[in-house]
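Common to both upcoming complexes is subunit A, partnered first by subunit B, then by subunit C.
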Partner chain A sequence: MGLTLRSKTVVITAGTFLAGQIHIGMNQQSGGRAGDPASNDLAKSLRDKPFRIARLKTGTPPRIDSRSVDLASLPEQPGDTPTPYLSMMSVGNEHPTQIACYLSRTTEKTRDIILENLHLSPMYAGVIEGVGPRYCPSIEDKMVRFADKPTHQVFLEPEGLTSHELYPNGVSTSLPYEVQLDIVRSMEGCADAVITRPGYAIEYDFFDPRDLNSTLESKLISNLYFAGQINGTTGYEEAGAQGLLAGANAALRAQDKESWTVGRDEGYLGVMVDDLITLGTQEPYRMFTSRAEYRLALREDNADTRFTEKARSLGLVGDGLWRKFNERQESIEKELTRLKSLWVRPADPCIEKLNQVLTAPLSKEATAHDLLKRPEIHYQDLVEFADVDCNDDPSISSQVEILVKYSGYIDRQTDEIKKLKKNEQVRLPADIDYSTIVGLSNEVKQKLLDHRPETIAQASRISGVTPAAVSLLLVHLKKLELTHLAS
Partner chain B sequence: MIRSDTIVASATAPGRGAISIIRLSGPKSTEIAKILNGKSLKPRIATFGSITSNDEIIDTGIWIYFVAPHSFTGEDTVEFQGHGGPVVIQTILKLMTALGARLAAPGEFSQRAFLNGKIDLTQAEAISDLINASSISAVKAANNSLQGQFANHVNAIVTELISLRTQIEAHIDFPDEDIEPSSIEAFSSTINHIKNDLNTLIASANDGVKLNRSAEIVLIGEPNAGKSSLLNALAKEPLAIVTDIPGTTRDLIRHDLLIDGLEIRITDTAGIRSTDDVIENEGINRAINALQTADLVLCLFDERHHKISEDTVRNLVGNTQTPIGLLRTKIDIQIEPIKNNTNYPLLEISAKTGHGLTDFRNWLLEKLSLTTHSQTPFLARQRHLEHLKQAKDYIEEATHHHLGIETIDLIAEDLRLTQNALSEITGTFTSDDLLTSIFSTFCIGK
Partner chain C sequence: MDYTRLFDVIVVGGGHAGTEAAHAAARMGCDTLLVTHSIETLGQMSCNPAIGGIGKSHLVREIDACDGLMAKVTDRAGIQFRVLNQRKGPAVRATRAQADRVLYRQHMRYAIETTPFSNRYLILF
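Let's turn to the complex of A and B:
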């Protein structure tokens, strides 16, 4: 359009649009997603910069008209009750009605159709060069890799309250439209199904995330931030979380404020960013809880405790939420103190009922806090048997119960985190010359050059970097420090 | 300071010296010494005392306590000067690790000293060399410990653990996928099974480990380069058949020497040359295998060589991590100096006249005490045992839970820590490796 827009900081969240190539059967066309053009000019201008660029692929299933499916014949999959809310400020009545999903399944016929038509799949015909994930993203993959599994489940998810479209979660495919129709119609309850939009596979550019800092700012061009699929990730939460981090940091930089980073011990966002910038990725990166070493500390129920204070200091939390957060923290603290001072004695009148729940009868006096540590005792038991006053707010009592029950594990992880913190704080200078470090093997030198870790802790997480190599790095850093002091 | 735990190791070279020094460094040093000695130590004062366990005196000797920062490492340090002997030293190390010390990593005392500013910059390179050399020999000692049945048992346990974790983690991460439900009882019985296996392994792990390891040297060179003569001169008795016909040495000839208390095993190899002789070829193969596990490989060059390049050396030894030394032999025949165009050290000797042999022995001692110091198979096995015990403790915690939906994440955590402990023995197993296992076992993906 010939317009020039100027900005102090820029965040690129290009999704699958950068040089996007859509595949349906053997047909391919340029596109960012169904119905939208690809961003080819941006891709081209970025390719002229010294970024490490590669291709990934992802896919989407065909959409189905819900009126053409025999939903009544399929098992209903209702949402959770009570409905969980993302924000603690939520109140039930401001949320829309929840509608159910349905569970369909593929059949032996589905498998036959797919295996017969495999030569028409661009993935299997070798047309797609981009790398897909190790798990089975497409129905073709499922049939090939797990050929002896007779049936696969397909969740039919409504696209919205006002839409007739269903998203058949589990049958992402890039086979030709006619084959897609046969596949869908071979599924349970879908004999007469109508496809509203075909599924497709898409290949797109992504930028090696090892070229990013832990703020998601590019190491090669300052004030430029990347978030989402451009960094090699896949998934809504992955993209959303990066958008928050990159956006907040771009805003902080524009105001000349100090940047914000998230540690592996603070949130899944921290785990993801650290994995990406330290190890890079060979496939579309998705967050799994098993990637986190501090899974027990990274719980949904304590997300507010982990982030609200920081978010407040960044200006991302308003007065109302801040007040509510503080009230809640205070109540939890109070309740914990109360349980510690509440004694239950073997002579108490309630003891008989309590002993029925305990695996071994109470032999000496114990606090309610101690009792709650036992696996067989729940907060509700204390209220019922041990004459403990009920705390009215169920979210407080459940938080207290988790904190007490998991305390051994939480303490252990806290110790582990503290130990690692020391290595997190030892920074490796950006201009460090690994080739001059005595004793490092060429393999380790090459890995450190490729990954350019920011800290000793990051270096130690790179595969092949041995504890001895970490020791050599520490000695080298000390040497640099001494040389610096001497000069 | 980067690390703040307490480390322990023998500070004197392994061997048969009259005195051995065991050094503790870190915050728990004095506490451990007090428990073993029975009374507290006064700073900087040498006290006669003992090391006692279960009312039995293990050794008597001198205790010295150096208060931080006035010690070699800059941390609180305690030294015990005892009566040596490999068995006593290992017993003392075991007692100290049981009280909370950790066996020091290669070069760790020096590393701490350097990081705490106790050693100046000029020595930094030496520290790097020490860490590097000792870590290579530690890896070798560990590999030797990890041979045979022991390794098979450890690997079998790890395989079973990975399969269990794959099932449990898949349950946690992919609750919506139709994964065939493995019964909770099956998990429980596998956990017990792994725990029992670990117990059996720990109980039997001390069997059949040599307490001390000889330093191993391999002699290699072209036929008739004087390997056998050198060996005979060092051993002071004829071992190998020494003749002028190339290819005389067809088998590996080993001899154990004791030089200044250090046990050295020297292996003479068949002269490297291509040949059609089946027996001699076998000898060459054995030579190549022997040098991979050695502490030092010595390449011999006689009067036929005038200069040595990197290629000359690589032609003899191939690609190996083992440290290399060069030896000019038969200097009685020709005294024209040889040109050394490599970074490897070159020494000159004559086995016939004995010229250079003393210097050579001294050089050998210095070189070998650097690499073999405190890296015996016993210590390697001790480290393995520590990790096995940790693994057992973690998996035992997993058995304390009543298995169910509510506790599955706690059990998963115990199993993760179990695996981490075992990874110290078998090599890293990352969360990404776990995901690969999950995706190849279950059909997952929406």
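Let's turn to the complex of A and C:
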């Protein structure tokens, strides 16, 4: 429109739209998503600046008309009852009607069709230069990488209550339409399936996240922030979390306030941003619990304890959530104190029932808090067998149980982390044979072979080399040392 | 909307990152503008209509702990919810929701449209 807009700060969240290129078979067209145009002017103006820009690829499966699938022949996958909620602010009446998914499978015929037509896949014909997501591979990738696996699960997920479309989870593909139809029809229960829209691969520009600092502000242009797939990530959740951080920091800058960063020990958001800005990424980055070294502390159930107070001080949290948060923290504290003051004694009338649950009978008096520390005892057991009054709010009792039961593990993890940090100076011999190390995943072996890290510290910073893999490497080095000494 | 004024924050893009970014800035009291090529596709789920899963639901809860949008919108649009890793420890337990694509977009757009302060969107071609 030729407008000029002015702002103190700008957040760019262009997703897959920057110079997006859609591939279906050997056909290509410019686009940001099926049916939407790519943002080529924005891509061009950003390419003129000294950013490091590369290409990534992602894909989506064809969609299927549910009326053309023999759903009755497929196992039904219902949701959980009671249905969980994601938001602390939800009161329990927000969910619309709940429906089931279905489980289909690929067959040997599926594999044959894909392998015969591989030359028509833009990925394999070399048309696509971008790297795709390892953890959400196309069906072509799966058939090539796991050629000996006769069948793969395909969850058929409804796209909505007012749609007949099914999303076949696991068959993302960029093969030509005719081949996609053959693939879908070779799956269990899908012999007469109708495709409502074809799958495709999309290539797009991403900006090397090593050019950002931990607030997601560009190191090259100040007051400019990047969030989402533009930084090399994949997934709505990864994008949303970065959006929150970038938006909040843009706001803080506009208000001349100090910036906000999240540590690796504070949240998955911190783990993700630190991974991105220190390591960059060679493939679309997806969040995993294995990427976090402090995962006992970073749980789904304590996100509020880790974030809400800080977020409130930044002005992000409204009065409603703040009130709810404080009530919850208070209830948890109260319940912990209560359990510490409730005594159970070997002479109590309830002891017979309780001893049946305990691995060793109670020999001396203990508090309910002590009992809860035992792995065999759950909060519910205390209520049933030890005459402990129930807390009315199940979210409070489950939080208290986790806090009590895992406090020992959390302390131990903190010690392990300290020890691991010391070990980070340990050198890896240049001739080490990673393929013989038992317990390392193929992914980690391949990455270690590619990178040939010089030290454990370097190895631990390679994306995908988990803390558990580092421990395995340390054990292996110890073994090598011992064999060396013995000879 | 006076588009010639100096905004505090301009967010380019109305997807999952853009909506959270704009809403966060607006919650903090900033004069915020969201620029997108289409109002219709604010919060569009381009690929799998699912939110959460292992590792990912941790991020959704963190957004929620900061009063962000994704968890609230998913609760209103989710047509199937499951807790994964239920038999494993609480650290790796995760929630996954299947969302109704249309409802998700509607609730996300509603949340953006009703943001307090001066948050507005503008369509650019």
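Please note the rule applied: the second predicted complex is superposed on the first by the 408 of 487 C-alpha atoms of A that agree within 3 Å, B and C clash if a C-alpha of one lies under 4 Å from a C-alpha of the other, contacts with A are read in each partner's own complex, and residues count from 1 in each chain.
Assume a residue touches a chain if its C-beta (ideal position, glycine included) is under 8 Å from a C-beta of that chain, and two chains touch if they have at least 3 such contacts.
Model, not experiment: these values are computed from the prediction.
Colleague: Is A:84 in contact with subunit B, with subunit C, with both, or with neither (first, second, both, neither)?
Modeller: Touch status of A:84: second partner only.
Colleague: First (subunit B), second (subunit C), both or neither: which does A:475 touch?
Modeller: Only subunit B is touched by A:475; subunit C is not.
Colleague: Looking at the overlay, what does A:169 touch: subunit B (first), subunit C (second), both, or neither?
Modeller: both
Colleague: Considering only touches as defined above, state whether A:100 meets subunit B (first), subunit C (second), both or neither.
Modeller: second
Colleague: Regarding the shared-chain residue A:60, is it in contact with subunit B (first), subunit C (second), both, or neither?
Modeller: second
Colleague: Taking the superposition as given, does A:145 touch the first partner, subunit B, the second, subunit C, both, or neither?
Modeller: first
Colleague: See if subunit A has more residues touched by subunit B or by subunit C, and give me that chain.
Modeller: Of subunit B and subunit C, the partner in contact with more residues of subunit A is C.
Colleague: Check the residue A:463 against both partner chains and state whether it touches subunit B (first), subunit C (second), both, or neither.
Modeller: first
Colleague: When the two structures are overlaid on chain A, which partner does A:406 contact: first (subunit B), second (subunit C), both, or neither?
Modeller: Both partners, subunit B and subunit C.
Colleague: Looking at the overlay, what does A:289 touch: subunit B (first), subunit C (second), both, or neither?
Modeller: The answer is both, since A:289 touches subunit B and subunit C.
Colleague: From the superposed pair, tell me which subunit A residues show up as contacts to subunit B and also as contacts to subunit C.
Modeller: Common interface on subunit A, subunit B vs subunit C: 169, 288-291, 295-296, 406.
Colleague: So in the complex, which bits of subunit B are touching subunit A?
Modeller: Listed in rising order, the residues are 2-3, 105-108, 111, 114-115, 120-121, 124-125, 127-129, 131-132, 135, 169, 172-173, 176-178, 401-402, 407, 409-410, 412-413, 416, 428, 430-432, 434-436, 438-440, 443-446.
Colleague: For the complex, give me every residue of subunit A touching subunit B.
Modeller: Where subunit A meets subunit B, its residues are 133-138, 141-142, 145-146, 149, 152-153, 155, 169-170, 172, 279, 288-293, 295-296, 375-376, 406, 409, 422-423, 426, 437-439, 463, 466-468, 471-472, 474-476, 478-479, 482-483, 486.
Colleague: Tell me, which parts of subunit C touch subunit A in their complex?
Modeller: Residues 3-13, 15-25, 27-30, 32-33, 35, 37-38, 41, 44-52, 54-72, 74-83, 89-95, 97-103, 122, 124-125.
Colleague: Please give the residue numbers of subunit A that touch subunit C in the complex, ascending.
Modeller: 1, 3, 5-17, 33, 36-37, 39, 42, 58, 60, 78-80, 83-90, 94-101, 157-163, 167, 169, 225, 227-230, 235-244, 246-248, 250-252, 254-255, 267-269, 272, 286-291, 295-296, 298-301, 303-304, 306-308, 311, 314-318, 321, 402, 406
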